[in-house]
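You will see two complexes here that share chain A, one where it goes with chain B and one where it goes with chain C.
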Partner chain A sequence: MTAATLERSAPPAQSEAPTPNARRNFSEELLKVEDISLSFGGVKALTNISFDIRKHEIRAIIGPNGAGKSSMLNVINGFYHPQVGTITYKGQARSQMRPHEAAKTGIARTFQNIALFKGMSTLDNIMTGRLLKMRRNFLWQALYWGPALKEELEHREKVEAIIDFLEIQAIRKTPVGRLPYGLQKRVELGRALAMDPELLLLDEPMAGMNVEEKEDMCRFILDVNDEFGTTIALIEHDMGVVMDISDRVVVLDYGRLLADGTPDEVRANQQVIDAYLGVSHD
Partner chain B sequence: MDGTAFEFFSIASGFLGGLFVDPFIAFVDRPDKLIQIVSQGLSAGIMYSLVALGFVVIFKASGVFNFAQGIMVVFAGLTVVSLIEIGVPAIFAILLAIVVMGAMAVAIERVVLRPLVNQPGIILFMATIGLAFFLEGFGQTIFGADPKPVPIDALGIPDDKFRVLGDFFRKPVRIYQLDLTALIAGGLMVAAIILFLNRTKIGRALRAVADDNQAALSVGIPLPFIWVVVWTLSGLVAIFAGVMWGAQSQAGFSLAVIALKALPVLILGGFTSVPGAILGGIIIGVTEKLAEFYWRGVLGDGVEQWIGYVIALIILLFRPQGLFGEKIIERV
Partner chain C sequence: MLYREAGQFKTNYVADQAIFPIRQDRIGMAIVLLFAWVIIPAFGTDYFLEIIMINFLFFSLAAIGLNILTGYTGLISLGTGGFMAVGAVASYKLAVIFPDLNIILVFLLSGLIAAAVGIVFGLPSLRIKGFYLAVATLAAQFFLDWLFLRFDWFTNSSTAIEGVPKTLFGFLVTGPDASPFAKYYVALGFVTVFALIAKNLVRSAIGRAWMAIRDMDIAAEIIGIRPLPTKLLAFAISAFYSGVAGSLMLFLFYDSAEPDLFDINLSFKVLFMVIIGGLGSILGSFMGAAFIVMIPILLTLAPDLLGLPISSDLAKHLEFMIFGALIIFFLIVEPNGLARLWQITKEKLRLWPFPY
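== the complex of A and B ==
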């Protein structure tokens, strides 16, 4: 499967959206990984992985446990540094990303094992997503309280909007450590959204959720993509969900890239059926 | 047989009486003494609090138990004192010491912490032991091994005593200005640190790092910068503690034991709790002074030295996480 086969030929599809997978024309590349190889000691987590993520699309990464999906996201936001390969983000190529740089340039993420600030309230957790956006430093705060306070209030407003959007007003002041799992996942999404991301990486955002919670999460993901145009890369095990919401799918298996294409193409791929779907649907 | 039993009984009752009855008689008899001792205990306690706070911020932000904290206090104190000795005005001496401690924080982050990132806590702890020995040797080369008197006048620290509440008690309470200064200035410093942690952007970032490293990184908090901030903060505390503690006697390398004093405070307050460090310091400081005065007769002269550890041990038995510490959770 080459990139050319995936180009959508009919751009003016804005008005009538026949299938969710043809909602828009994704031609502009936001991120590209090339020949990425990553190993831990003797364990090869990723071998020669190349694919791209285009602006405004929802890109799914699927594969069995241990396939290297989380490692891939960790490479993209700079938690892991691959031994080989290049990462091109917004036209700038580099051999590795750094977490601070990733965050600054608009990459936000959530984690497979929820990583929240457990002692802080929902509000404070989401507020940390604004840290990089706060221009006034602490000396300024100490010397001249007014503008710093005004800025704080502006960020507060933004955070309140996210809280409304995610429908978590009732738990604004609750320490997140006390929240049920599904709500914690939602708060984590909120914190990532607070960063105004261009690229949102979601590692199994629906794992461990009941049907209703999954539906809510799907709706939030689609809304974020729709309303803010945020590009999303997500790892998900529920094939129904993947086929429903994603524009293109990457399939990994044992650290190798098995397939790359639209949900329909991937579903029809014999290798994928053998290696993954066949196992998953037995 | 009867005789020894009686003897044992009388010794035991004398001991228990000395421990639990006599002090209260003394309280009632000389309340002025009690107030005076508590005020001394508070001023020593706030010093312990500050040193413990230096430990806590570093531990929270990087999981490092900083063995070098005590020698940092010495180093900082001697920097100020030596600069004043060679004729630098006190205010500049303090500002320069702040620069020195900041530079030290940057150097430690570069040379010690960054190469050891993601290593287990015990490795980092060993690294700080190495750091402690390095600072001691380096410090003795620069400052000389002999203790130096703290120029109290040049620093503008009042060193007198005054008497209050003369009308209430038989004898007025003697308050030392040095104690009072330590207490007030220390209290202000603690308040400033709490404000910094709770109200500023960096403080918020710091709490985030303390709570979850990975999540903090993902929202773009630069860890190396945070490490420099906490080590600098701990260096600022060291300057204050070095000067004020030194003012009580002299500034010299034996002051490093102040770190050992902070250990029971940390056990009492919990290694990760800021309020715990403050309250723990005050509890240990006051208890030490009370024990020194009222229990020396029954428990011996050294009671001030070890009573803090006994309290810490008792707390450890019932609450391993300390009075205020968070539940102990494995770092993963």
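== the complex of A and C ==
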């Protein structure tokens, strides 16, 4: 993956210096985790992790396998409950939260192993993402008429916009179980986008993809970030991608925070090189 | 050439979201409704209307109910017979205690009572899944069986519950003296309306929530679906359908029944209908019910029709063997049920007479 293909369309003010890692200014904090520790019995998954995610940035979480990256996402969207530490989201501190409450406050995510609803069509999968916004109760839905139909159509229009955006019009009515892997990942992104999230958590969105699919996915991520202003936190193993598209990077290793900074800082950090990046022998 | 959707363009989402978006399906449905509402009652004999059609109709309703729970929400239930018993007993009690209550209200209220019972027995579904949930719902079946046999308040101190004679629009529609014709129309009316409601539910937001829970409950939760209310609603609606089916079964078919009619065998029968017809398909519920209700009747009639002189014992045993073999055959050919078989046929028809 070359830097040129992924070049960030820099904000107008900085357009005279369109370097791949052109830093943008983010000041407002969207989410802050402080001193998070999570253990399963005797296994310590996370130890004293603190970092923040600022509004509108692309934040990468990297680290070797088993470093606790996915656990970190699970903590953020309420799936795991850390024993110690606080999470401040949009200025509100919380320690315990159920996943559906996190969904209500605008946190969406995708999964490392695709977690689509296999028996449903692409359209239905993405429509499911709109569920929290649908207000009519099941008695109206039983009639499928009047306000219920109107609501269904309003959301259909939103979903169609997402389908257009992700360029998956042709597979609208196909059951997702039959789709190839790369498209399934795209549908899953669509389902997360349908929630109109403020914070989008992506767990290895490019795992197992070929170069073209990765380029497409990067383009979608950057566009989501630019056009919808969505804050993105992603876990990714492809260092080329991470260094190109992310604004700041957190490095975890054995459940500990190893480094936190811009891609350039992280790339130069000796501890990170030792633990994860390694050195090239050329 | 017959089943081709080429040239049928949708220009708005209303048309695309319609219940039958393809013209041929609409025509097919209209023909089915015409048969059900006009031709069958006009030409069917009493035997055909009563033993085959009414039997088929209330089983279809029960199968739709179970399909909502097992096929769409992925919760296996063996309590259908129990919920049907609740519906039957409730309608009997309501009809006796409130003699002036409209028969349609009696059926609907019995369904609501069954729904309440369904919610109670659905509570374990938050914690347990799969076969373990099947065992938990088995508890519902045995408990309800026992309850109605043990306390004779439910049967008004007699051994049987009865279909109380009731009139609707001046016609006698229930009880032993009602004509099969009138009973058939009541059953058909209920099945038509509730099949439509079920179809609407499964294609709107609540249906998507059910299927999301079925396919990937963790992802469903992260989208914001709350598992407990969603599952309980599925239990309630499923039990409502079973309850109404139980009332229809008592009032329109058996006229008089002992509570142990609604035993575990009935639960299995409905579950087989759903599995053979196709999990997660309203059409499949009808196909499964038709298969399980009609094949044994046809097999019983077959020796006579073919003029084969075989003893009734042998005929009965042959019926069991052929019926069992047919079930196995269909499950091997298409594990996803008759509805899937029908879908494959339609896909083939779209291309016919070309190979691809």
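Convention: the second predicted complex is superposed on the first by the 249 of 282 C-alpha atoms of A that agree within 3 Å, B and C clash if a C-alpha of one lies under 4 Å from a C-alpha of the other, contacts with A are read in each partner's own complex, and residues count from 1 in each chain.
In the analysis below, a residue touches a chain if its C-beta (ideal position, glycine included) is under 8 Å from a C-beta of that chain, and two chains touch if they have at least 3 such contacts.
Treat the numbers as computed from the prediction; the structure is a model and nothing was measured.
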> So if we stack both complexes on chain A, do chain B and chain C clash, or do they fit?
Replying inline: clash
> In the superposed arrangement, does A:L183 touch chain B (first), chain C (second), both or neither?
Replying inline: neither
>> One more residue to check, A:A103. First (chain B), second (chain C), both or neither?
In response: both
>> With both complexes overlaid on chain A, does A:L153 touch chain B (first), chain C (second), both or neither?
In response: second
> Touch check for A:M217: first (chain B), second (chain C), both, or neither?
Replying inline: neither
>> Can you tell me whether chain B or chain C touches more residues on chain A?
In response: C
> Looking at the overlay, what does A:I232 touch: chain B (first), chain C (second), both, or neither?
Replying inline: neither
> So which chain C segment collides with chain B once the two are superposed: 3-11, 21-29 or 273-281?
Replying inline: 273-281
> Can you list the residues of chain A that touch chain B in one structure and chain C in the other?
Replying inline: 77, 79, 99-100, 102-104, 108-109, 111, 115-120, 124, 127-129, 131-132, 134, 136, 138, 141-142, 191, 195
> In their complex, what parts of chain A are in touch with chain C?
Replying inline: 77, 79, 98-100, 102-104, 108-109, 111, 115-120, 124, 127-132, 134, 136, 138, 141-144, 148-149, 152-153, 156-157, 160, 191, 195
>> List the residues on chain C that touch chain A in their complex, please.
In response: 13-14, 17, 19, 197, 200-201, 203-209, 211-212, 214-216, 218-226, 233, 237, 280
>> Could you list, by residue number, the parts of chain B that touch chain A in their complex?
In response: 196, 199-205, 207-208, 211-212, 214-222, 326
>> Per the contact definition, I'd like the list of chain A residues that touch chain B in the complex.
In response: 77, 79, 99-100, 102-104, 108-109, 111, 115-120, 124, 127-129, 131-132, 134, 136-138, 141-142, 191-192, 195
